[in-house]
Every structure is written in C-alpha cells, then in structure tokens.
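Each chain gets a letter, A, B, C, D and E, in the order it is written, and its residues are counted from 1.
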Amino acid sequence: MSDQTVASRNLADPVARRELVSGFDASPGGSKPDSILLVDKITRQFGGMTAVDVEHLEVQRGLITALIGPNGAGKTTFFNLITGFDRPTSAGKGAHWAFDGRTLDKTSASSVAQAGMVRTFQLTKALSAMTVIENMMLGAQNQAGENLFKSMFRGSWRKQEQEIEAKADELLARFKLYEKKDDYAGSLSGGQRKLLEMARALMSDPKMIMLDEPMAGVNPALTQSLLGHIQGLRDEGMTVLFVEHDMHVVRHISDWVAVMAEGRLVAEGPADTVMSNPAVIDAYLGAHHDTDLGDDALLSDEAFEQIEGEVEAEREAEEEQQ
Amino acid sequence: MSSGAANAVDTLCLAEADKTACIAGTLRTEADVVPDVTLTITGPGGFSEEVTTGETGKWNVQVTEPGAYVVKIDEDSLPDDVVTDHPEVTINVGRLGATQAATLDVRTGSYSAESSKFDELVQSTVNGLRLGLLLALASVGLSLIYGTTGLSNFAHAEQVTLGGILGYYLINRGGLSLIVGGILVVVICAFTGWFQDRVLWQPLRRRGLGLTQLMIVTIGLSLALQYCYQYFVGARTVRVVQDNPEVSTFGPITITNQSIVAMAISVVVLAAVGYALLRTRIGRATRAVSDNPALAAASGIDTDKVIRLVWTVAMALAGLSGLLYALVTNGIKWDTGLQILLLLFAAVTLGGLGTAFGALLGALIIGLVVEISPVLGMPGDFKYATALLILILLLLVRPQGLLGKPQRVG
Amino acid sequence: MSGTGVATGQRAVVEAKDVVAGYLPGVNILNGCSLVAYPGEMIGIIGPNGAGKSTLLKAMFGLVKVHSGSVTLGDRDITNLRTNQLVEMGVGFVPQTNNVFPSLTIEENLRMGLFLRPKRIRERLDAMWDLFPNLHERRDRSAGALSGGERQSLAMARALMMEPSVLLLDEPSAGLSPVRQDETFLRTRRINKTGVCVVMVEQNARRCLQICDRGYVLDQGRDAHSGTGRELANDPKVIELYLGTLAKDVDESKSGDAPA
Amino acid sequence: GDDSNDSEPQAEDTPSSSESAPAADSFTNDECAANQTSADTLRVGGILPLTGNLAFLGPPEVAGVGLAVSDINAAGVEGVAACHDIQDSGDSTDMSVSTASAGTLVASKPSVVIGAASSSVSLNVVDTFADNKIVEVSPANTAVDLSGYSPWYFRTAPPDGVQGNALGTLISTDGYSKVGFLVFNDTYGTGLRNAVQQTVEGAGGSCVYGCKGDGDEFPAGQTTFSAEVSGVLAAKPDAIVVLAFDETKSIVPELKAQGWDMAKTYFSDGNTADYSADFAKGTLEGAQGTIPGADPEQGFKDRLSGWSEQATGKPLKDYAYGAESYDATILAALAAVKGGATDSETIQKNYAAVSGATGGEECTSFADCAAMITDGKEIKYTGPSGIGPIDDENDPSSAFVGIYTFNASNKNELTSTVEGKK
Amino acid sequence: MDTIQLILNGMMREALSPQTAAVAIAVIGLNIHFGFTGLLNMGQSGFMLLGAYGFAISIWHDLPMVVGLLFGFGAALIFALILGAPTLKLRGDYLAIVTISAAEIIRYVGRSALLTDFTGSAQGIPGSQYRSSFTGLSFFGSGSFTLIPFNYTDVADGAAWVRVLGWAIAIAIVVVLVLRLRRGGAFNGIAQAALMGLLLVAGVFLLFFLFPVPNQRTGVNGWWVRFVAWGLVLLCTFVVYLLVRSPWGRLLRGIREDEDAIRSLGKNVFSIKMQALIIGGLFGALGGIVYVLPASVQPDSMGRSLTFFCYTALLIGGAATIFGPVLGAVIFFAARIGIKYTAAAYVPDSIMNNQQTEQFSYIVVGVALMLIVIFRPQGILGNKRELRFNV
C-alpha cells in the first residue's frame, strides 16, 4: 500500500489535489489514475422501469467524490447495488464491480463492508432499543469478542473493548452526541439519528465511506464542523463518496462530482465546472438555487412558471429512463 | 395371546368349555347373504363334515380337537350369479371352548374391487375446495387483523369454535331455524369482536403494548376461552343440527347439500369482503392504519374506529366459518378451532402476510393439499404435515408469500 | 418585509403557550415553549438537532402529550385533542419521518389525505396531479418503493389534499433536489398567500428564514430567539450557534470568483 | 358371568329404571381431608381426565370411584374408612398437568391411585407411583405394552387382545371378508386395530384400509374426515370398523353422507355409546359394537348416574369405564380389608388375591366380600365390570365382552355376551 | 391456615420440579432466540422433542448415555441448520410460521404409526426404557429425605407466627433480589455480590424450611433429577450471562433491532443468527432431555402448547434478561398450581364440582396470564424503557 501513503501525503494539500483532479478525464465514466472503486455495466430494473444504468464509473482513491442528481435518479439504488443490499438486474450479464482490487460481483453486504466500503442509509437505521454508545461500538471491525467462543472469556476482549469505547466517545463528542451516550437510540431526534448513523459508520475505519445524504436534516452549524471532520479523514487517506442535495456542502468539500440522472451517469468534473454546466443547472440545480427566496417577486406567475419549467425538465429527465 | 370365544347371534353352536369348539361364519357377497350353499369342513383326526348355509347365510360346525381346519365351498351349490376366487380357507382352532370364525370370499359376478383413482381425485378436490373456502373465511379475518394491527391473534381459533358452539346452543338446543340461528350467530360473533376491541385491544393499544406482548395476551385469551367452552359445553362433540345431511351427486362427486350452500355462502361473503377491501374507503383505511397508524391519524382517519370495524368483521367471519365448519364436518368441540389454527396461520402466511387475498389463495391451497394428499399416497397422519411442508417450501422460493411484495432497503 | 400580519391585537390562529411536553413520564423535552401564528403568517422554526422542534409540532398536533401549557386553534383549546379531530378542524401535518403509507399506492396515499371528504377526491386529486406530475405517472406504484425525495413530495401532496387552513411542516425540503427545494419553498409561500397559516421546521435554515414572515429559534426545548426571518438570519449570535457560515462562505467565494 | 346373562336389553326409557335407583340420600361424596393419609384411611387418589381432550371420559370414571367409596363407607367395615381425592390428568398435549398431579398425589400419601384413562398419561406417571410404592390401577388402559409393566401397576380394563379378538370374531362370523379401519393414531386405536386385524385375517378375511403399517391412521382430535371416509370407501370394504373416541360423532354422518350402509359398521368400547341425542333416528340402526365387561345392569348405571348427580350436579351421559373404575376401587378396599391395613404396600400384596387369583368363593359386593374376608375365607370378587382374576402381569385374566347392536333410535342394546381370555 | 400451607407446599413442589427446570432451560434458549436476537422461534418444543428423541431412542436401542446426549444435541443442531439455512433470511413473522410448522411436522413424524419401532409412535417411549442409565449415575443413594432436616413444624410446633414471620422474610428477600436483578444483574464489587449470594442462600434455605418437600433421593422425581436439572439451569444461566454481556451479545441485540444496519457494518448477520439459533436450539434440546427424565417421551406433550408456555414464561420473567427465563418458568408453573389448588380448596362443591373447578382454574390461568402481560408487559425483570421502541 505504498501507493496509498504517497497519495495521502499529496492529497492533504489542496493544491496538489486540484492538480491531480485537473488531470482527470472529465467525461462521464472517465478513467482515474488510481481508482479504488470501479463499476461496470450495472443496471437495475423495477418492473419495466430502469432505475440504474451505469455503464462505467471510477472513484479516485483518497478524494471526496460527490454523487448528485435529481430525485429518483437512482443514487440510493446505486449505493444499494454496489454495497450488496440489492442485486443488479444485469448480474451475470456483464455486470462487474470491484473495490480496492477485489471483485464484489457476488459478495454479500457484510463482506463488502468488511472489505472496507461502509455505507450509511438515507432513511436512518438506528438500533432503537440499544443505547447510543452500544450503537457506536457495534461499528468497530474485527472485534475478538464477536466470536462466539472467545466471547465467553472476558479477558480475551476486554482491552480491545476499552479502546473501542474510547474511540466511540471521541467520535460522539465530535458529533455532539456525547450527552446522549447512554440514551436509547430510539429516543434521538431525526437529525441526531443521521449523525449517529454517520458516526457509527466511521467507527469501522473504512477505506471508503459512502454517505447517503448525510447532512439532510442536520443543523447547518453542525454540518460545517462535520465537514471539517470528513475533510480531515480524507487527508488521512480515506475515500469518501457521498450523495447530497445541499449544494453548499457539495461545493465546500468535494474534489470531484459525478452527476446521475435517469439512472445514468451524465456528467463528471470538479464541483465548479459541473455546477456551471447548463444541463446540470437546467435539470437539477434550477436558476434560483442561490437567489434569495424571500423576494416576493419570485411569487409572481412568471417566476413560478420558470421554476415549474425547471422542475419539468428534471421530470422529463426522469421520464426518459422509463 | 390365544383366541377368544364368540356366541354370535343366531349361531346355534355353543362351545362347551374344554370339550368342543365352534367354527362358524356367514356366507355373503357384497350384496347379500347366500343361503343353501354346501360347505365341507375337514380337519385333524380325519374330521370331515358338510354343512349348508341357512336362511341368513349362517353356518357352523362343532369340533372336538384343536388344530387346522379347511373350509371348502362346493362351487356347484353356489347360485349362478355368485362366484368365488378362493373356494377354500384354512383356519386354526386354537383352543376349545371358543368360536373360531371362518370367512369365505364370495362375490356376485358383476363385482369389481377396483375404484377409479380419478374419481377419488375429483371428489377430494371438491372436498378440498370446500375445506379451503371454510378456512378462507376464518383466515381472511385473521389476515385482516394481522394486516391492520400487526397482531397474530392466537385466539382466532376459539372464535371459530365459538361460531359452532353458538350454533349448537341456538339451533340444536334453542330450536331456532338454521337461517335465523345462523344470522344470530354471526351477529353475536360480530358483537364479541366489537366488544373485545372495546374492552381489551383498544385500551391495550392506548397503553402502547408491544406486539409480542399482545400476542401472549391472545394466547391467554385462547386458553381462557377453550376452558370456558369445556366448562359450559363439556369436552364432547356437539352438533348444530341432528339430521343427516341430504346428499347430491354429480358424476363422481357426492356432496351434501349443506356443503354446497356453505361453499356458496363462503364465496359470496369472501367476494363482498374483497370488494370492500379494494374498492371502499374503509378498506383502504385498514391498510393505511396497518402501514402507519400515526400518519393515518394525521390524515383524519379515526384509527380506533377502523380497527374496531376490522375486529368486528373478522370475528363475524370467524363465527360464520365456525358455524359452517360445524355443519359441514358434522360437529364442533371445544378444541375444533385449535385443531385448525395452524392451518389458518399457514394459509395467511402462504398467501403473503397481511394481504387478505393472499389469505384466500393460501386457504384454498391448504384445503386442497389436506384433502388430496392422502389420495396421492400420503400417510393420513401427514396430511397436515404435508400442507405445512408445502408452506415451508414455498417460502423458500418466495419469501414474501404468494401475493406479498418484497420490501425496499435503504 | 412583506406580509407580516402581526398587527397587535389581532387574534392568533394557532398559539402554543408555555408548552411542557415529553415522550416519557418525567422527562420533559419542551420546557415552556411558546409560539404564535397570526392569520396569513408563515412561521419558520430552526434550531440545533434535538432541540425539540419536531416535538413542538407533534405537541401542537396532539401526537405528544402536553403536560402543561396550552395549545389553541382560533379560540378553541386543542391541547391534547385527538389527532383525527384536529384534522377535521383543518390542520394539516407532514411528519419528519415515516410520512407515507409504504404499502399503499401513491394514489391511495393521496386518497387517505382526503379521507374525511371523499366527495371531493376527484377534484383534489386532479389538482395534485397538476402540482406533482411525477407522482401522477407513478400513481399505481406503492409508496414504499419511492426514493427519498419522491417520498417527500408525496408526503407534502398528501397533506395538501385536504386544503388545510393551518399547515404544520416538519422539514419539507429535506432530501429534495435543489430545484425541488426551491419549488417547495415557493409553493408553500404561495399556499400561504392564499391565507393558509404555515408553521414550518427547517434545517435549510437560511432559505427558510428568507421566505418566512417570522422565525423562532429553539434550543433545549425553549424558544431562544424569535423575530422576523431577516432579523434572525442576520443576527450574529444566531449565525454562530445555528446557521453556520458555510452557505455564506460559499456564496461569497462564488460571487468572488464568478463575475455576476 | 351369570349376572350378565339375565340382563335383557332394556326397552328405552323404561320408567322402572329410574324407580329402581336407590334414593339419592343413600350416596355420600367423601372427599379426603388434607390430613387423611393411607396410614389411617383408605385414601383413594384419582388421576383422571377432568380437562383436555379426554375430559368426556372423566365423569363416569369419577363416578365409579366416588360410588365405590360411598359403598365402602356405607358398609362400615372396621378400619376401612375411605375417601377420594381426584386430581386432573389433563391430556397428552400437556404432560406437565399429569406430572404435577402425580406429585400432588404422592405427597398426599394415598392408598391407591385410580387412573389414568389414557395410556400415554399412564406411561408418564407410572414410574413416579412405582418409585414411591403407590399402587396405580387404571380402569381404562388397554395397551399391550403395559402388561406387567411394574408390580405397582394394575388395571381392570382387559388388554386390547381380549376385545380385539371378540370384535374380530364378530365381524368374521358375520361373513365380512374385506374390512376397512377408520382408526385414530393413539395407543388405544392402533392396539385394538392390530388385534382385530389379526383375528379377521386368521379367519380368512383381509384388511383393505387403515391396516397396520399403511399409515392411514388419523391424528386424534382431527375434525374433518372427508378424506379418510373417501379413502376407506374407495377400498371397497365389506365392513368398516371405527376405532375412535368422540371423533365418531363426526365420522358417522360423513360415512352416511358418502353412502355407506351403517349396518356394516362396527365400533369398540371407545365409541359404543348412546347416540340418541346426536344423530337422526335410524342413522346407526344395525351397526354393532363391543364393550368389555358384562353389561353393567341398569341398576348399577343408575346408581353411578345417581351418585354423579348428587355429587356433581350432573347425571351421566355415558358410562364408559365407570364399572372398571368402581371395581378398581372396590378391589383396593378388599385388599386393604384382607391385609388389615390401608397402606399401599398392603394393597399391592393383596390386590390380585381378592380378585380371585388364588381361587376363592365368588362374591359381588364390597359388604359381602368384606364379611367373607373377615370370616377368613378366600374370595373372588366379581363386580359390574365382569373381569376375571388379576393375573401375574397384573391384567384381568379374562373379561366378558358385550356385543351391542344399535337400534332405530341410535341406542346401543346388548345382544349377547362372550367371555374373552387373554 | 392448613389449606394455605397445603397450597403453598404444592406450589413449592411444582417450583422445584425437574420439569419446571427443564422448561426453564428451554426458555433460556428461547430467550437467546427471541429475547436477544429477535428470532420469533415458535418451534422451541420441536427442539425439545428432538433432544428427547435423540436421547431416549439411542438409549432405548442400547447405546450408552453419552451417545444419547450427543444424538439429542446433534438432532437439534441439524434441525437448526436445516431450519435456519433457508429461513433466517426471511422476515421475522415468516420465521415464526416456518418454525412452528417444522416443529409440528417433527411431532407428526414422531407419532406416525409407521415408525412405531423407532419412535414408539403416539404412545412414545416409556421412561423406564432410558431412565436407568441416568439414575445409575446418582451418588445420592436410596430412600427419601427432606432437603432441610428440620422445618417450621419443629419450631414452636409450627405456630402461625413462625410461618408468618418466615413468609415475611422470604418475601422481603425475594423483593430485594428482584429489585437488584432488574438493574441488569450487575453487582458492583465482590462485597455486594457476596451479600447477594448470601441473601439468595438464606432465601432458599428459608423457603425449604417453610415448605418442606420430602422426596426420593434417587428415582423418577427424586432429588437426584432435581439436583441435576437445577444445576443445569444454573450452568445455562451462567453461560448465557457470559455470552450476552460480550460483544457477541451486543451483536445479537443489534440484529434484533435492524439487520440491515448490522450488515452495513460488515457483520455476517446470517452466521450470527445461525449461531444464536443453534445455541438456543441446543438449550432447547437439553431442556427436552431433562423434561423427559422424570416422565416419558410423548410427542404430543411437546407440541404447540409447550412452546406457548415457554413464551409465557419468558415474558413473565422478562425477555432479554438473564434471570427472567428461570423466574418466569418457576412463577408460571407454581402460579398455575396455586390457582388450581386455590380454586379446588375455596370454591365450594355446591357451586362447581371437581371437574368444573379444574376447568375453571384454567380459565383463571388464561385470564391471569393476560393480566400479567397487560400490567407488566416488560415482565418482572424487564426494562420498560427498552420496550417503547420495540415495535
């Protein structure tokens, strides 16, 4: 893994990163010099409708890649597919995906995570009747005490348990959940669950973390500090792939952005480039995404029609996929 | 073990203890007794005697020695239309002082021991449909309750029993006519559903009891009800009507008129329930409540009312099912429901949990399997087991049941 | 600032007074929280995660038991009233999570929205199909299969079916694509302009404050700050504690290098 | 069996029969008090089906024990005051009931325990009693396996072979060669079936359905019988034997509905009963059945029912195993009289003897027999069940088997009695 | 007072009965399934039956007892594998139906007349066929004795006050212990644990003092069976205690809450569920073996109702607690007897005869069961807070 250490040293530096990224092939599905995730010919159909149809995608190691796209574009489904929670319709017919050099075509969700690719869920999955700290500790990998036979002998796992707990405490503090440590996860608010979900995924020290709308429902001030944390992880060498609709977030931390629409990959590139792409603006961002909505002029019929037109564009994009 | 002694009626041979033994029998074909046939009985010690069968086909001889005796028909003395494949039989007189029977297989010329497997299959298919429809009535209610509240109601079986038992009280004991009594049974059962929800399930929902806890409550209720029935009705089988049912025959199918009516009623009622579920506002509301009660309330649905309605309807259906079941199977007992409970659950699951139509489909399949599998050679003990095995196998292929939909992850 | 209907002395449409409420006996999540909405107003509620925003909405809507304080609708006391009664009185609510019926189809979901007035279903359905054409296409699909954003639209549509006179929204824009977020905000504003009183919880705080007449900042179960949307959005303390500078930074950096 | 021969079939509802019943106040219901043990009292425990799916067998058995105790006390024999303590045996689906009852009985130090009705339940508790040296007498177990199971286990019901042989001979002498069985899968059903089948085959007949090894038995308690009835009819039997308990009530109408001639149907003691309240007139006319035991005189039945009515408020509906229970109790009391003590070990030693195993003078009531014992005579008690002396396997060595025919109103009437030997 | 003493003695006898212990062991297994892992196994009696069959059939066919035990456990293990492999991927409710069906199928097969020589069919296998190899191990000797050589009748001639005082102390000890256990069974420090242990011993001693139960030393229902049965209960409880407070136990609870979440964290959910199913099943088999030691193997006696009783006991004691299963089993059986005796003793014959009383007491048992669950849904030792999120 000397490769990676070299890369991580470089990648902590924004300039180096920008340089690296500028060398990428910016066409959808373009190749990357050191891709950690590689996806080929994945399609998923529900009934007659194609939710995902990705010809080729590579994710560069050590960078933060954002996956954006209209609602229903197939982002979550794509996550499900490559993390083993769903099976591609094209399985066995050319579908292929690999993580860190390891083929995942037939791998179960748990082995995917063990391989180092850990995900979060858009609709959170907090383990309600367990405390927050227990939720966290479940996240840690390779626990000796999770082996049925060793579990009966406390000595064999006590030390590791303490280490894990210390780490969990630290993460909880950062995610502003420390006070809730001993509360049941079921009693958390919507946003707190999102936070817990993310923190839990980080407990496993993944090589790559896949976040599905991590910041939806998270308080903006906290969002900001969490982004700092994620950047820090990236600087330590973690790869991040995340789905997000908050463009400030995308712009703030992503090194690379991939755009999905109608199940297909339609554009790739650095955040600024992608977001100034008229097609993306039309179908996804809308003309108003950074104007002041408080202006009543926006409520005029023309302005409203315009927004509806944009929505229509997004809708048409989706429609084509069916 | 040695032989016993029998002084069969009309047998004038009386064995004297330790001195003589009797050999006796009756000569008969599948249609009637055969008089005036000569039989020769030979045995140890040169014993040989001829007897002629009497008016009633009976014959007997006295012997004085134990041992093997051969009884042989004089085929010439047989009437013209009577034949036999085995004109003689060897029997063993084990001990004196007893009667030993001897049977000779004689048949009329037109006799055939064959029976049509196909006819049997047709007959059991009809029986299976009948059982399936009755199970469906009960399991649709079970499925509705499960679908609306998530509760596996183990006391549902007792509600089925209740239908039959009320029928016994009102119709057999109370002398009401079948129709009036039947309607009354359904009404009372419906009321028990309403009442149960009012005094038990609704308050428990309010207290936020978990589903497993509620399930245990239904187990308790089921226990209490079973013993209530034992207490009031006793542990014996009782019948709703005492008369033997009239029978109709259609080709190979023999079926009681009661069964025909019961099947017709089931079909009509099930169709009505199905229509209500799919096409009416209330039907949709039941599903909404099952999905997300809080949101249902937030949509202006009075969840309590909907659930109460479901309980009322489900219990009425169960009662009706029990009444028809008691009529069709000729009796009801305190544990009749219990005996079919697992079949009900299997039906509900087979079709897909919580889908009422699935329950209908599942019930029909279960009914057919139970009735047909013995014809196809399954040991009788295993007919329920076969139904359950099919359920397990199906779930392996289609984990969500026949009509269930898979869930989305993420 | 337009449309602020806070002429003093006007009668409140909904009012929560010193509400104390919680999920478990003995643990109060709201510790005397007050909120008032006057006719035609659009109110935004923001605050950190776990502040009790959703709880406040739920308490107003009868989903959480109010231990003390009161909630009034017009001049009726609706404290701890049953939820379906509130719906009859014209209050609509979109929860933050679990906001659709997963096994019902989309159309059935909408029908549920107008459960109490089945006569008007056709007309309202048509109106909703107009507003949310993408739902129309999928009307026979079960809602459980929808994507996060699609769910959110459906949840909103369901609440709109009954044309409520008071609308309580819990993070309606979460999970929506930017253009749909805009659309949602503006549509809500439009609905509000027709005289519907809107109370909205949002984490998309800046946008929310931009568009709302007045805002409340909740923290630890109390209304910590309140004021008009603009005031709050520019209050440095609010910015530091709740809003963050992310959006601002990016906006500025953007307007910096991209000549407008 | 002299006493049985004179019992002619009674005309139904003979008014005299109720008159012949002794006045109600001649019965006593002597339940045991907590402190009565076998040390000073003939404490008759019972482990009988009060609940569960054999509970319908409970009342006649309870009445048999109760009436016996009442008669014993009425006789007023010195040193043999009796009381009864009936515990529930439940059914085989919940053995913890019988286990618990056995524990209770053991703790109460009884002289003898009467029960259980079901062989399965007996097997569950028989070792417990044997271990604690308590005599257990079953009035209803017929399983062959239980013959000679332990020195502490007796029974007053003849094992399957006795009745099976009589029933099989009856069918064969009636000339039916192909026999079908509707039999439930229970020790009682299959055991009897095997015995009947053996006899029928020995006479040259054959079994065509439900035979040993075919697997056509149905589970006890089943409620639908269309498949079984279709199956047996498809085998074209000349006669059908129904070996079941209460299931019979559902089987008979099904047979009728599928066109079977009920006169070719045979029953056993488990289901030869009065069905006048269950079926339409004429349904069972001509069908036959066997019940071990000389037909208890109507007088005895009336006394049983009378005891039951006084003690439990309900007259009896049928009498299955009532006489056997009565005799089981009386034999125990006589054994106590003979041994001069009411503890279980004394009873165990003398049980077979008072039944006539060692020969002796015949006597038919507790009072008479006790008097004879006091006079120092060997006795042979022959009670209403008509069993012969207890043999060395603790089974009745012989028994009368009554043959009954159903009349037009579905009542079973005694047509003849035969004596079966083990 | 004597009647009361009689009733209490009966309850004590039932509480101590080896069959109660057997059910407790099975419930401990069920607790792993349902309480900790959330597997709705409605076929625990199937595991019990298999264990009993494996054990009894082997010995009946002249194999040594150890082999019998192995066959019993092996049968349960294979059953768990066969059952689990396909069904652990199904939703919980389906698992319930599959397990209950599979258990019934086993029962039907076991009682099938075709297998008479192998399983004894409906009649089952008499205890005398296999028991002796177990009683042969006893070092208790023969004869009978009462556990504590003196009892309340020896103090002041069994005066009422002795018993009242004794009961008061016993109840106090039980309450203290229960309160303690409800805090999760954690004893801080050796001194505390020792104190608790002392209390426990004192309590047990007192109970035996108040309710003397004479018994055979060795024999069908004697002290030897009881000793072994309760010893096994203790052992099983201890094993479960070790298991569930470990990270492995945490995983189980995680799976109970949301499998997908656990899967996304890289845990092999299937394998862990399988482990849980097997371990719980083995406890079930052990329970089955103990269940038939003082009785006989009867397929019908290990059917649905036994599973229901297991669930009942579990919920009374408190699911997902360490001592809940034991407490629940003891309370369930003792209370059942208590109700029966009370009804028999206090309902006059003029109102209900013997048979009716018996039936009536079961009605009461059913209603009592409902009431217990209604008013204490989390069970005696359970945690109510956890329950709130349990839907």
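Here is the rule we go by: a contact is a pair of C-beta atoms (placed from the backbone, for glycine too) under 8 Å apart; a residue touches a chain by one contact, two chains touch by 3 or more.
A quick note: this is a predicted structure, and the numbers were derived from the prediction, not measured.
Within the contact network of the assembly, the step distance from chain A to chain D comes to 2. Of all chains present, the one whose mean CA position sits nearest the global mean of protein CA atoms is E. Per-chain CA centroids place chain B at a distance of 35 Å from chain E. Between chain B and chain C, the centres computed from C-alpha atoms are 59 Å apart. A separation of 27 Å divides the Cα centre of chain B from that of chain D.
Chain C and chain D have centres, each the mean of its CA atoms, that are 78 Å apart. Residue positions 227, 230, 379, 381-382, 384, 407, 409-410 of chain B each touch two or more of the other chains.
In chain C, the positions touching at least two other chains are 23-24, 145. Multi-chain contact residues, meaning those touching two or more other chains, occur in chain A at positions 76, 85, 121-123, 187. On chain E, the positions that touch chain A within their shared complex are 239, 242-243, 246-251, 253-254, 256-258, 260-270, 272, 275, 279, 385-390. Those residues of chain E whose C-beta lies close enough to touch chain D in the complex are 2-3, 6, 9-10, 13-14, 17, 19, 23, 108, 111-114, 116, 121-124, 126-128, 131, 213-214, 216, 219-222, 294-296, 298, 300-301, 303, 305-306, 309, 333, 337, 340, 349, 353-356, 358-359, 362. Put simply, chain D touches chain B in their complex at residues 51-56, 58, 161-162, 165-166, 168-178, 185, 195, 199-200, 202-205, 214-219, 221-228, 230-231, 233-236, 238, 246-247, 249-250, 252-254, 256-259, 277-280, 283, 317, 401, 403, 415-416, 418-422. For chain A in complex with chain E, the touching residues are 83-85, 108-114, 118-121, 125-130, 134-135, 137-139, 141, 143-148, 151-154, 157, 161, 184, 186-187, 200-201, 203-204.
Of all residues in chain C, only 2-3, 23-24, 47-55, 96-97, 133-134, 137, 145-150, 152-153, 171, 174-183, 185-186, 189-190, 193, 203-207, 209-211, 229-230, 240-247, 249-251, 254, 258 touch chain A in the complex they form.
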